[in-house]
Amino acid sequence: MAPTPGAQEKAELRSGFTAATGGSLQALEGLLFAAGTEGLTDRQIAGVFDVDEPAATQMCLDLRDLQTREGRRFLVERLADAWQLMTAPELTPYLRQLALVPPPSSLSQAALETLAIIAYRQPITRSQIEDIRGVKSDKALGTLVARGLAQEIARADSPGRPFLYGTTNDFLDYFGLGSHRDLPPLEQMDHG
Amino acid sequence: MAPTPGAQEKAELRSGFTAATGGSLQALEGLLFAAGTEGLTDRQIAGVFDVDEPAATQMCLDLRDLQTREGRRFLVERLADAWQLMTAPELTPYLRQLALVPPPSSLSQAALETLAIIAYRQPITRSQIEDIRGVKSDKALGTLVARGLAQEIARADSPGRPFLYGTTNDFLDYFGLGSHRDLPPLEQMDHG
Amino acid sequence: MVLIDAIASKEEYRVRLQAFEGPLDLLLHLIESQELDIYDVPIARITDQYMTYLRESMEFQLEVASEFLVMAAQLLAIKARSLLPRHGPLEIQVAYGLDAEYVDDERELRERLIEYRAFKLAAQALGEQSLLWAERIGRLPLPLESFQEQPTVSDFLAGVEVSHLRDSLVRALARTKIDLDVRIVRDRETVPQRMRLIENQVRDAPTTFVHLLRSRRRREIVTVFLAVLELMRLNRIICRQEVQFGDIWITANTANTANTVNTVNMAL
C-alpha cells in the first residue's frame, strides 16, 4: 500500500506506537470532543495525562496522524494556543447541504490590509499604519476593533501618546492560526 | 454469501462493506460531529446521502460498529428522534480529571458580546447570533456554554429544529438579577 | 448617446477609483499592469499614467481623495528633477548634492511601494485563508459541571435513604401504569445470583443499569435493582446518574477490591 519502504516503516513504527499508547490518544480525542470550540491547552492536556507540555503537544500531533490514517473528517488543530477538533475541508460540501456552514463574512480590502499591517508590525499606531497604506485608515481600524480582531494594547511614548494596536486571540481563530509565529513570512522587502 | 454467517464472517462482511462505503461513514461521523447536540434525524441523513430512511438508520449502526472497532471514545447514539455523538463511559475518569484543571483566560470580547446578545434576545439560535454579530460565533458560544453562562433552553420550530439559547441562573446570580427582564433597557439603536 | 456614454464612463471611473485603496495601490496597479519591475522601474515613467488617471477622474468631477493629490505632487517633483540635464555620473551628482533630493525621494517612494505591496499580498493571503477557515467548524463544548467534583458515594448519595430509592422506583414503575408485583420482590434467591453476574459484567468496563437488563420485564428490573442496591451497600460498585431520569452508570469499585475479596470469603 505504501509507495516507499520509508513510509511503510514509519507507518509500522507509528502503529506500534499507537498500539502501546492508543488508549491515551483515543482518550485525548474524547477530551477534545468534549472541550469543543473551547479547546484544550497543552497545560490542560499535560495535567490530565500527567506528562509535560512538550509531550502533550506530541500527543496532539500523534492524534492528528491517527485521525489522518483512519480517515477522520474532523481533525485536531492548534488555534490560539489551544487544540481543538475542527471539520476537515473534505466535509465542507456535506456541511453545505445541511446548511451547517455559516455564510462567509469577508472583510474589506482596506480592513484586511490594515489587519495585515497590525499583525506583522504590532504594536503599531494608527498613523504608522496610514504611512504604510498611504491612506486614512481610521474607518478600517474601527471595523477591526469592533469585530474584536484588533485591540488597543498600550499607548506609545510619542507626542499625544497615541494608542498602539495589536491583534487579538479572535484574530488567530478567524484565520485558523495557532499563534503569531504561524503567520506566513512577509514577502522579502530587502531585495536589491 | 453464506446463508448463516458466523461471527468471523460477519466481521469480514462488515469490514468489506466499510471498505466500499467507508467514505460515507466517515462523512456521516463528520456531520454528526458538526451537528453537535442538535443531532441529525434519519431524514436529514437520508437527504445528504441520497438514501432512504431505513438505510440512514443502518448507516448510523454501521458507523457505531466502525467507531467501536477503532476504539472511539464518543459514539453515535439515538436520542429522541436524532442521532448524535455522545461521550463513552470510558471517558468519564478523564473528564473528571479535566474538570480539575482550570481552563485559561477570561471572557473575550467576542464572548462578552455573544453573552449580551443572548441575554437581551433570548431565546435565540446560534445562526441568529451569527447574523447579528456578522461573524462565526461557535467559539464564543462554546465558551459561554462551557462556563455555565448560556445554555440550550429549547428548540426552534425552523428547519433542522436548531437549539435556542438563553442565559443560566448562574448568569443572573452573577449579575444580581432576578430575571433577564431586569436587564437595563437597551439604548435606542435605530438612530445610529 | 454621447451623454449616455459619458455617464457610463463616469460610473466606470467611480468604480475604478473606488477599486484602489489609495495612491500606492494605484501606482502598484500601473506598474503591474505593464509588467514592469517594481525594483527598477523609473518612477517618471509611471507619472504620466498616474496623472492621466487622476485628470480623467477630476474631469468627471469625482471627489478625489487628498492622498491622491499629494502623491501627484510628489511624482511631478520627482519627474521634474529627473528631466534636468545631467552633467555626469549619478555618483558625482549625488556627491555634489545636485540630485540628492531626487534620488532620495525616488528611493523612498520605491521602498514604500515595495513595503505596501508586501502587506497587500499578505492581506490577500489572509482573506483567502479566512474564507477557507470559515468553512471549517467545531462543536460546542459539553458542560463539565457534572464532572467538576469527584463525589464519593457517600457525598453523592448524601441524604438519600434506601426508602427514597424504593419510592422512586415505585413511582417510575407506576408511570407504566402496571402494579408492582411484590411476590417477585420476595424472590430472594435470584438476587445474590444476579449480584455475582453484575460484578462480572462491570469488572472490565462500566455499564449502565439498562444494559444489565436482558428484558424489560418488571420482575427482572426489580431483581437487578435490588442486586445493585446490595452491591452498593457492600461498596463493590459505584453508581452514578448524570442527569435526572438518566441511565445509571455502574462501575466496579476497584478501590475496594480487598474488601470485596474479604466479603466473598466471609460469604463462603
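Order as written gives the chain letters A, B and C; numbering starts at 1 within each chain.
Operating definition for what follows: contacts are C-beta pairs under 8 Å (C-beta built on N, C-alpha and C of every residue); 3 or more make two chains touch, one makes a residue touch a chain.
Quantities reported herein were computed from a predicted structural model and do not represent experimental measurements.
Relative to chain B, the most remote chain by averaged C-alpha coordinates is A. Between B-C and A-C, more C-beta contact pairs join the chains of A-C.
If each chain is reduced to the average of its C-alpha atoms, the one that sits nearest the average of all protein C-alpha atoms is C.
Averaging Cα coordinates per chain places chain A and chain B 22 Å apart.
With each centre defined as the average position of its C-alpha atoms, the distance from chain B to chain C rounds to 14 Å.
As a whole-number value, the distance joining the C-alpha centres of chain A and chain C reads 8 Å. Shown for chain A are the residues in touch with two or more other chains, namely 33-38, 85, 87-88, 95, 100, 102, 105, 174. Counting partner chains per residue, chain C shows two or more touched chains at residues 134, 137-142, 144.
Across the complex, chain C is touched by residues 33-38, 77, 84-89, 92, 95, 100-102, 104-107, 109-110, 112-113, 115-117, 119-120, 132-136, 174-176, 183-184, 186-187, 189, 191-192 of chain A.
On the chain C side of its complex with chain B, the touching residues are 134, 137-145, 147-150, 205-208, 240, 249, 251. Only residues 33-37, 87, 89-90, 92, 95-96, 98-100, 136, 138-139, 141-142, 145-146, 148, 151 of chain B touch chain C when the two sit together in their complex. Here chain C touches chain A in the complex through residues 21-25, 39-40, 65, 67, 71, 111-112, 114-127, 129-142, 144, going by the rule given at the top.
Residues 22-23, 26-27, 29-31, 33-38, 40-41, 43-44, 47-48, 70-74, 82, 85, 87-88, 90-91, 94-95, 97-100, 102, 105, 147-148, 151, 168-170, 173-174 of chain A are the ones that touch chain B when the two sit in their complex.
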